[in-house]
Amino acid sequence: MTRQFIFFITLSLNFLYITFAFDPRPLQDFCVADLTSSVRFGWGRPCKDPKTVEANDFFFSGLHLAGNMSNPSGSATTTVSANQIPGLNALGVMLVRVDLRRNGFFPPHIHPRATELVTVLEGSVEFGFVTSYPAYKHLSKVVRRGDVFVVPVGLVHYARNVGEGNAVALVAFNSQNPGFTFVPDTIFGAEPAIDGDYLARAFMVDENIVEELQKKF
Amino acid sequence: MTRQFIFFITLSLNFLYITFAFDPRPLQDFCVADLTSSVRFGWGRPCKDPKTVEANDFFFSGLHLAGNMSNPSGSATTTVSANQIPGLNALGVMLVRVDLRRNGFFPPHIHPRATELVTVLEGSVEFGFVTSYPAYKHLSKVVRRGDVFVVPVGLVHYARNVGEGNAVALVAFNSQNPGFTFVPDTIFGAEPAIDGDYLARAFMVDENIVEELQKKF
Amino acid sequence: MTRQFIFFITLSLNFLYITFAFDPRPLQDFCVADLTSSVRFGWGRPCKDPKTVEANDFFFSGLHLAGNMSNPSGSATTTVSANQIPGLNALGVMLVRVDLRRNGFFPPHIHPRATELVTVLEGSVEFGFVTSYPAYKHLSKVVRRGDVFVVPVGLVHYARNVGEGNAVALVAFNSQNPGFTFVPDTIFGAEPAIDGDYLARAFMVDENIVEELQKKF
Amino acid sequence: MTRQFIFFITLSLNFLYITFAFDPRPLQDFCVADLTSSVRFGWGRPCKDPKTVEANDFFFSGLHLAGNMSNPSGSATTTVSANQIPGLNALGVMLVRVDLRRNGFFPPHIHPRATELVTVLEGSVEFGFVTSYPAYKHLSKVVRRGDVFVVPVGLVHYARNVGEGNAVALVAFNSQNPGFTFVPDTIFGAEPAIDGDYLARAFMVDENIVEELQKKF
Amino acid sequence: MTRQFIFFITLSLNFLYITFAFDPRPLQDFCVADLTSSVRFGWGRPCKDPKTVEANDFFFSGLHLAGNMSNPSGSATTTVSANQIPGLNALGVMLVRVDLRRNGFFPPHIHPRATELVTVLEGSVEFGFVTSYPAYKHLSKVVRRGDVFVVPVGLVHYARNVGEGNAVALVAFNSQNPGFTFVPDTIFGAEPAIDGDYLARAFMVDENIVEELQKKF
Amino acid sequence: MTRQFIFFITLSLNFLYITFAFDPRPLQDFCVADLTSSVRFGWGRPCKDPKTVEANDFFFSGLHLAGNMSNPSGSATTTVSANQIPGLNALGVMLVRVDLRRNGFFPPHIHPRATELVTVLEGSVEFGFVTSYPAYKHLSKVVRRGDVFVVPVGLVHYARNVGEGNAVALVAFNSQNPGFTFVPDTIFGAEPAIDGDYLARAFMVDENIVEELQKKF
């Protein structure tokens, strides 16, 4: 009985999540994520004892390396979040290196919880977003080496390589977990599928086009 | 010269916007919007002198009336925000009455700044949303009279009347300005248009389908 | 000893509460409350594994039914919070259906943590609140079917049925846990009783009136 | 016409209020209130040019002096807020010196926007508050020289001198504008009066007692 | 094996920290810290069952007593935080009594998470702070009995007794954990030592002066 | 008189500052700063009419160029904030390019309002910070091309080029206005000077060393 009891506790700890304020600032200097702990708190993580913290907890190496772009979209992302740098936990900021090979692109997507601040290190990338108010205003810009572009939180945006070679960008987000919602996959790749007749009417296309799309995603 | 000077001041006041925290709680009891003021503060509004506040500033009448559903989507919304109830300004909550005639629907959309809490007053409506983590999980439910459904902030969601008659729902948002981003219009109706070749690749369809869509929206 | 140790852990988990920011927005899409967990976090709750989340976690049925109004105040409330809809946890919004039979009423009360947005579905209800600045200004309004009324966070307010029949209202709060402080019960029904001589002086009445009141509450 | 135009602008500036987040931390080092400005922003105030700021903007003198307690409740408050110390503006904290002569008291009241932290400097004061959850639990304590007591935000509380002589306390609030809602005055002194029949039923007393109370407040 | 398992759980609980929003307001009336619990949540603490809360949880005695000033700086602090008053937990405010004997002082320091509001109860203390914008502006003031002074959050400040006798001040902070960063110790007493050549260049002094300093701290 | 009146209004508008919540998320999609407006709101700025917003409002060019490092510390910063990208206003994030020539360094400093996330693009830079709890713990790391390092908000930190050539880093801050407090200048360069005798005792050095330092800064 004792063992079952322990099992019950352990199990419930394994699925112990709690919520966080919208990217809180910590009540202490830092809260280095304890990545070995089985306890999870929503997206956040329990902290290590501050006395055991070391410089490596705040460090990551590898952003000079391109990601693997051999995929249909010709794009790659290298993420630097609290999973890679435990010391980032609860500090409300993270980073992504973006690689786009020639003609590579990111589908339209949304980060519900962060503004993104893009710096292009190499190549020429068109970034664009569509505003909600005024409705459906499309702002876009070709961003080159040394250029910076802002995508306000929550707006649909995209990126595509419009240069001759590879492109590299560094993207800073002011959230620990910005959220990534890719529009085509969300609409046509949802599981179980969203009703095809409904999508056909919403997108004003034939239902068989919707069905084809749902097969692809 | 004096006149030009005044003109300059007035003009600059007309375009005077300032930002608000994410749906702040007020630092005072309330901040009833002064709807006659030409001064604008972002989406927020300047407050009336609290001494002149009256009960009507906190009141709206008309939510028992259906909106006009004679449009392609067969839907209507009646909004109760700080524009209708000046006393709602800065209190971080608003309301929408939703009407859907038979087969009426709302296209997939996102509210970047609020969770929605739906109560169906009449009819049968399917509500669904797609999660970002786990990716592309589709949750949906037919919601009937007296049923309540939650759509978490920032997720793509939709509604469609699946009953035999009209449907009515009351939707509460925990923001003064939730934001409305309709996905099809944002993608295919953006002005100027998003590059068709790019959209064709992102949605994995022929470019002429994209062009047709862009004509429709 | 082992068993006692486990008992100690279990016990301490049973009373494990942690605090939340003032109605946080989640750091993830949602945090569906795990209602089976013995772990409590203040008023909030631990989240289920997001992979096990289903549509029913965001759903409640029964708001079309009147509550039981056979009590001295002739009122009933049906609450839709994270206890009823686990998916509401941490999203900062909840709902109450209010029923008032003829002459039914709610005593003066305060919600320290939320603005309330009332929609009357049936009948005629007088809503009123008293401002703190300017001091003691009383704003009230008879609210009928389709009317909406706002009570700003933290102000003393009341409701009473002033129509010929039953009344029904839907009340949205922009907090997961608005708090309910009924003034008469708080003052005269506190346990142990507040000193009668003091209350007599504070309310400028005879002490025996206070004592009678304290017996009733 | 020019003059009328100016008059219009000036007027509208005089009633120009804008909202603040719930006791924001400033986006800059400080925002010293410009007390000479006719422009008002809700309870907050516009800031002086930081270059003109001086030490006196952060200074107040006089908390060693007792306030005037010759009033029915035998109490006095000396407030140190952004009105007295312009540099306190937007920093989310303020102070009150409380004086209570023998038998002096404060009626039950609520601060909807701040926790209060009381330090008694002289005398013996009973402080008490009533919790909302668990409902109607009354916690009280006689607090003497060098004692500290906490009243959590939003709860009904009171203070009364239970010593032989005068009492002095220093009260810190974690808000620029905590709000003061005295219960007896709010209920029985509201203008226009709350319906007497309703109050009689809510407090379970005869209506003529309510009417007497309404005359006194 | 069972025992090891328990040991593992216990261990992981001992180092279980979670983050808090920047001095949150609670989602409930209060969250009295359970000081007996081995579970820690960053700087915050788990709450007791609200049903077991008592008046003593909100009470502290001893601020009328001077601290021990027999140390090189001739200063003492008596802290009243959630460690002393469990009921203060999560309410975003705390208190410190400061004693300074003749010539006593506090070295330049910073509170990264709170504004401080000082009331001098006895003696004459010079308080000063240096602004970051405009850069390096020094504001200072001699503060005497009954005087109040504000130090905005995050700025370098200091205090020194400039009177003939002892001085006493009460300092309120609008955070549960303001943070204390003493500049000289942080720079010259850091462990392991900061590179001396670097510090010499940064402070424009000879490296041997830096080395002497590092020995002293 | 009319002209003087206008002058008065204009003047007061020129010094019209209002406070912001701690890096608010906007209540609207964005709030592009109107850099031509004479109206100032603390560090924030009024927004342009959203209808006139264009892609250039979210764009900056020039981060591929090194700043001018011909100064005693051999360092340069190129700032990308709302002054350079008006669309960044109110979005709570900004960027700095840091250049350090051989032996170049930044003196110990603090950002009271933001965590910094550093990516080294070129060279070898030692970054270090000192924690406040545990007290005076020094964490440092040599960060090279492709490495990322985190400095938690509010902690004293430094950077120095430890490589053979120039170094370049990109620093993201999760605040619109992180604040820059350089410790040596703040302590020894404050205007008017902080009392030398006091500083000598606080830093445990001879007063003439302090005086020399004060002359240099």
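To keep things simple, chains are lettered A, B, C, D, E and F as they appear, and every chain counts its residues starting from 1.
In this text, a residue touches a chain if its C-beta (ideal position, glycine included) is under 8 Å from a C-beta of that chain, and two chains touch if they have at least 3 such contacts.
All values derive from a computational prediction rather than experimental measurement.
*Asks:* Report the chain pair from A-E, B-C or A-B that duplicates the D-E interface, where duplication means over half of the contact pairs agree by residue number.
*Replies:* From the options A-E, B-C or A-B, the copy of D-E is B-C.
*Asks:* What is the chain whose Cα centroid lies farthest from the Cα centroid of chain D?
*Replies:* A
*Asks:* How many angstrom lie between the CA centroids of chain C and chain D, rounded to a whole number?
*Replies:* 25
*Asks:* Measure off the straight-line distance from the CA centroid of chain C to the CA centroid of chain E, and report it in whole Å.
*Replies:* 37
*Asks:* Counting in whole Å, what is the centre-to-centre distance of chain A and chain F, each centre being its mean C-alpha position?
*Replies:* 27
*Asks:* Please output the residue numbers of chain A that touch at least 2 other chains, ranges allowed.
*Replies:* 2, 6, 9, 18, 20-26, 28-29, 43-44, 113, 128, 132-133, 137, 140, 153-155, 179
*Asks:* For chain A, which residues count as touching chain C in their complex?
*Replies:* 2, 5-6, 9, 12, 15-24, 42-44, 113, 175-177, 179
*Asks:* Within the complex, which stretch of chain D touches chain F?
*Replies:* 2-3, 6, 9-10, 13, 18, 20-21, 24-29, 31, 34, 37-39, 41, 44-50, 89-90
*Asks:* With touch defined as at the start, can you tell me which chain F residues reach chain E in the complex?
*Replies:* Its residues touching chain E are 22, 43, 73, 105, 107-108, 110, 112-113, 126, 128, 130, 132-133, 135-138, 140, 153-156, 158, 160, 179-181, 183-195, 198-199, 201-205, 209, 212-213, 216-217.
*Asks:* Which residues of chain D touch chain E in the complex?
*Replies:* It is residues 22-23, 25-26, 28-30, 50-51, 53-56, 58-65, 80, 85, 87-88, 91-95, 115, 117, 119, 121, 128, 131-134, 137, 139-141, 143-155, 170, 172-174 of chain D that touch chain E.
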